[in-house]
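To start, the structure under review is shown below, and the notes come after it.
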Amino acid sequence: MSKRLVLPALTAFVSATAGRNMTTAAYVAVATGVAMMTLLTVQPAYDTAPHWINALLSACLAYFVFEWVVRLRHMRRQGKLWFYALSSAGVVDAIGALAVPLALLSGLDPKTAWLLGVLWVLKVVPGIPGLRQLRRVLVVESGPLLSVLVIFLMVVFLASVAEYFLERDVQPQTFGSVPAALWWAVVTLTTTGYGDVVPITPLGRVVAAMVMISGLGVFGLWTGILATGFAAETRRDNFLKTWETVSKVPFFAHLGPAAIADVTQVLRTMDLPPRTMIIRKDTNGDCMYFVAAGEVEVDLPGRKVKLGEGAFFGEMALLGNAKRGASVSTSKVTRLLVLDLVDFRLLMARHPDLAETIDAEAKRRERENQ
Amino acid sequence: MSKRLVLPALTAFVSATAGRNMTTAAYVAVATGVAMMTLLTVQPAYDTAPHWINALLSACLAYFVFEWVVRLRHMRRQGKLWFYALSSAGVVDAIGALAVPLALLSGLDPKTAWLLGVLWVLKVVPGIPGLRQLRRVLVVESGPLLSVLVIFLMVVFLASVAEYFLERDVQPQTFGSVPAALWWAVVTLTTTGYGDVVPITPLGRVVAAMVMISGLGVFGLWTGILATGFAAETRRDNFLKTWETVSKVPFFAHLGPAAIADVTQVLRTMDLPPRTMIIRKDTNGDCMYFVAAGEVEVDLPGRKVKLGEGAFFGEMALLGNAKRGASVSTSKVTRLLVLDLVDFRLLMARHPDLAETIDAEAKRRERENQ
Amino acid sequence: MSKRLVLPALTAFVSATAGRNMTTAAYVAVATGVAMMTLLTVQPAYDTAPHWINALLSACLAYFVFEWVVRLRHMRRQGKLWFYALSSAGVVDAIGALAVPLALLSGLDPKTAWLLGVLWVLKVVPGIPGLRQLRRVLVVESGPLLSVLVIFLMVVFLASVAEYFLERDVQPQTFGSVPAALWWAVVTLTTTGYGDVVPITPLGRVVAAMVMISGLGVFGLWTGILATGFAAETRRDNFLKTWETVSKVPFFAHLGPAAIADVTQVLRTMDLPPRTMIIRKDTNGDCMYFVAAGEVEVDLPGRKVKLGEGAFFGEMALLGNAKRGASVSTSKVTRLLVLDLVDFRLLMARHPDLAETIDAEAKRRERENQ
Amino acid sequence: MSKRLVLPALTAFVSATAGRNMTTAAYVAVATGVAMMTLLTVQPAYDTAPHWINALLSACLAYFVFEWVVRLRHMRRQGKLWFYALSSAGVVDAIGALAVPLALLSGLDPKTAWLLGVLWVLKVVPGIPGLRQLRRVLVVESGPLLSVLVIFLMVVFLASVAEYFLERDVQPQTFGSVPAALWWAVVTLTTTGYGDVVPITPLGRVVAAMVMISGLGVFGLWTGILATGFAAETRRDNFLKTWETVSKVPFFAHLGPAAIADVTQVLRTMDLPPRTMIIRKDTNGDCMYFVAAGEVEVDLPGRKVKLGEGAFFGEMALLGNAKRGASVSTSKVTRLLVLDLVDFRLLMARHPDLAETIDAEAKRRERENQ
């Protein structure tokens, strides 16, 4: 293949994916790059195949440089050059493309320069599924989290000065200065406990014991704050994802806004690839499904029935018959809304008309299947 | 006993229990097998009684092979051979039966081959009580949990390269390659802190301190996610278990669906073996009980009254008299529904008719007892 | 003092307190006993004052024996001898009284026999404030907690056999048997990480890393379960404590059951010793108080006003005036019900009549004070 | 500058800030003081620039003494001398001003005396943002937290006596007394695990394993309690902050108390400095904002529109158009109320009139902008 053919193809490919966070190719490049960077530092491994390792590292770097250049060009055409270049994705792309070359050019030892290849892992960040959720929790709870951090640092400082005072004469080697005692305090308060610096005087041990117990407390506070934040965020995130889908399901279309809000709170969204088994015949079921997008295939005896957008299935499980009567699997990329037995019952208690609709449809199907 | 008698009896026993997850016999076999496998590796213990250990190991293996074969035959008769063989229970049974023999046949050292006996502990999995609940939490929260794992790995990679760069010249022995630094990073970020690899340069310690504090954060996030998932799952699980039982209790039969949903949310299911003390006379009580299945015995002065399905007792505790008037214990395997004082009061505020029924029945009993 | 005077006095004192869990005397005896038992094992400390230590230990033991005998006699008179003797408190008292004497009689070295004095700390158990709450959480959540424990043990077993297999040839000293590897696994999975047994082969370290990350997961599950249980229990416990008190406050007497249930859910009970400052003048306030039992003293300019059972104060903070106008302190042992600003507002939105009553009373007081 | 000019200026400055918790100057002084105190103990660093370090330390101390004196004078003039002197802030100020001088006067080695400078970090405490919230959680949950602490101590005592008994003969050096075993127990139960004291007998290791698993339990309980407390406190704190602001926004003025309580529960307060970007054009939005105080600037094509107190913006995101149409940034110190999409929908379901108002205003703006 001549360069004249490969380059345009690659450019087209990268352009097409400029809007998406990560392509499979980029994941492979990141994994290969970081693995090779790691092997570079293992003397025996590097001595075995130095050329391969160097070649792969260069290939990865070339890919990232290329990707960055193509994205920049693509974005400039759309008039969003600076929007991209200054966005977090743009900065990460720039670092991935420029860090190693700049280090090599500045005369650094190649083995050291390639270590910067570890920054390529940052390219994975935007692709992390629940990241937005995590970030929101950290932002909303930043106040209390910061308080705990300040308390943590205060305990560290007070404890290390106390310990320095108590241990410096007995262990001048390890507790010879406040920074050394600070190292001990962090290692202890996080309950890491390397054991390289350990108090040996009775009073020093009493202080250390109090630091350890405070460590449990800091842990607990931290976790408690995050748990609280997550509970709120999970409820919120699920509502957002489900709301849009609910309105597209004809079954819920006639409901009033109050009922829709109720329904949205209890439904769970589920995205499935094609040919995935949803229900396995003869297993116990405790939820029903609505097809929000895509298509599923019901494997009835002798024939296969396709259900498209807006259809529902598995409702028998909620109407008293726990054993699944037929296997169901997806035939396309499908988005389902899942309604649990528990929520179904609570919902029915408040909206009896919903129950009647599901009941009528279930009876109609049963007649049809016989 | 001749083989002609033992084998059919065993076959019948295993067949009868093919549907259940674990028999007591299987638990004993697993415990014995794993214990013997452990002793096999302790030189002094093995030297004392090599024949006993070998014999017991073989017996356990024989039991598992036998159990697997019988189950396969039993399932084939029911036309569910492949359903069983490919289910997780079937795969675990197959591993338990085949792993050690295959290892022995492949010419492995017997002492090493028997180590595979540890896989027998997997047979305990389906019998774990809250497992289904645990699995659902992990599935529902898989998104955020995965995010935290990715963040964990990213911190590990970035920190280990930084630490390798900072420490490699001072400690070529322990920080001589990125994989070695990765080991340090995992040990530190999980706050395990063996102390076999410890940074000693000032900058290396600052990086390490940041890793430890991140470790607390990762811990906190992880726990927060799981706590949130559990809160939802516990509510759900209890509702499911209770719902079916509530409808069987005549006391609640006349309630509308909204009230039943309310009641179901506050009742707790309790399964008890026979001859278990439920209420001890003269202790303080703060809940009443409904008998959903089985039978209980009230130990009144001079006589014993049996209460069967649908009856309730302990209601005095909710009507102002905290001291239990009589001991109550189960006489069969019994399923109870427990109604706490708190929930009783909240319930009564919304459904005053329930209170009247309980009150009337309590008065009737008091008259009767005098 | 002759023995004839002391003994009856002591007997009367212990009898009087037989119903209560712990007297101050018992706390002192436990603290002294355990401290002396500890000193007994410190050679230099014991050599300094062996007679004092022995004498104090004997005195503590004598107290516990005496207390147990008096309680037994007291209970027998009330016809509850066996109820007490078999209750947990009775068993703990018996252990405290008999363990050391029996050990001494059985010919054990006195220094070893006195170690059993540590069992005296068990006498503190019934006096722990939130214990009942803790126990209920553990009982209600026992299912999932047990599951996590089983999973923990399974990971420990599988990991230790894998590690034994991978490390036994390289480190026969520390990984020479499965029990030794089990020790490593527990130390690692709990993230304790002593560092006395550490894998050094690459594959062994990969297994260890997975064990550590599982450790975080086990931690997280455990905590998540307990957090969920606690949330429910705290709400419940507060409701129980508050309910009884609410009905005694005339202010709430005219409310219907639904409103009372609402009020009970938002009030918090607070028990205070005499002469405790509740409100400090000129500080910011965000709650009001109801006197459920006891008496408080309002420090108005020039005179002191006493408020008894059923009165309320601090209501200005909820009606727009955040600065406290007067100091208030208890004059007897007092039980207060605290109503937070947040809950007050939510409550008023649903029960506007409550707001009017508080408003009217506040205006009346203002007129009175001018 | 002569002293005659500097002193009055400084006095005025400190007086003006006497009411506030911390000035930037004080933060700088604390940071400098603690850093110098730390450097004082590092021999090489101190040898490089002893005069600078001493001078800076003295300057910091002088600042704190001066600040304390000025505050005392300021408070005496307001007649609140004792209120301030005995308040926690006053005590911390006094310690910061007097601890080091008193230590120096009492003849302590200067290097040791200056260590007390670490107490200056206490001055940061009142400025910690979420501290009040943290303290309330600790107070409200003090009962269960104390129980866990008592259980922690009981396990520590029982385990250390058991371990002392099991290990004293094998390791007289490390397990030679109960206090030594207590040190081991605390290090183990907090899962710190230094590894300086490790049991080696089989039974000792079994006890240690149980202690470690209990450690997980203690952790879990602790965290669970704190998480529960935090969930309640966060909801409460947000309500308090938001309530006052909501009533000032004309948009909500006509709502009834029930609706206001509903709205308050879902709004989040956000305080922003001037010139902060709130909305970035072309990003996805999922919340709208109300200006509670301050002013924001909408960057429309060709002109800038200022929105003052009571205005709202970003409402398009809630009415179906997710892409933000214009950038918005603050022009003054601004307090915003944030309404999330999720909460908006839930709110609209219950208060349809709110939706209409927002809808009408949005349409009016659209017309205007065209």
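Chains: A, B, C and D, in written order; residue numbering restarts at 1 for each.
Throughout what follows, a contact is a pair of C-beta atoms (placed from the backbone, for glycine too) under 8 Å apart; a residue touches a chain by one contact, two chains touch by 3 or more.
All figures in this text were calculated on a predicted structure; none of them were measured in a lab.
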For the pairs A-C and B-C, output the one whose chains share more C-beta pairs in contact.
B-C
Pick from A-D, A-B or A-C: which pair repeats the contacts of B-D, with over half of them the same residue pairs?
A-C
With over half of the numbers shared counting as same, classify the chain C/chain D interface as same or different.
different
How much rotation, in degrees rounded to the nearest 5, is required to superimpose chain A onto chain B on the basis of Cα coordinates?
90
Averaged-CA centre spacing for the pair chain C and chain B, given as whole angstrom
28
Report, in whole Å, the distance between the mean C-alpha point of chain A and the mean C-alpha point of chain C.
39
Which chain D residues reach two or more other chains?
179, 191-195, 219, 223-225, 227-228, 231
Within their complex, chain C touches chain B through residues 83, 140-141, 143-144, 146-148, 150-151, 153-154, 157-158, 161, 164-165, 176-179, 182, 188, 191-195, 198, 202, 205, 208-209, 212-213, 215-217, 219-221, 223-225, 227-228, 231, 235-236, 239-240, 243, 257-258, 260-261, 264-265
Touching chain D in the complex, chain B uses residues 191-195, 223-224, 227
Which of the residues in chain C end up touching chain D in this complex?
34, 37-38, 40-43, 112, 115, 118-119, 121-122, 124-125, 128-131, 133-134, 137, 149, 152, 179, 183, 186-187, 190-196, 218-219, 222-223, 225-231, 234, 268, 282, 286, 340-342, 345-346, 348-350, 352
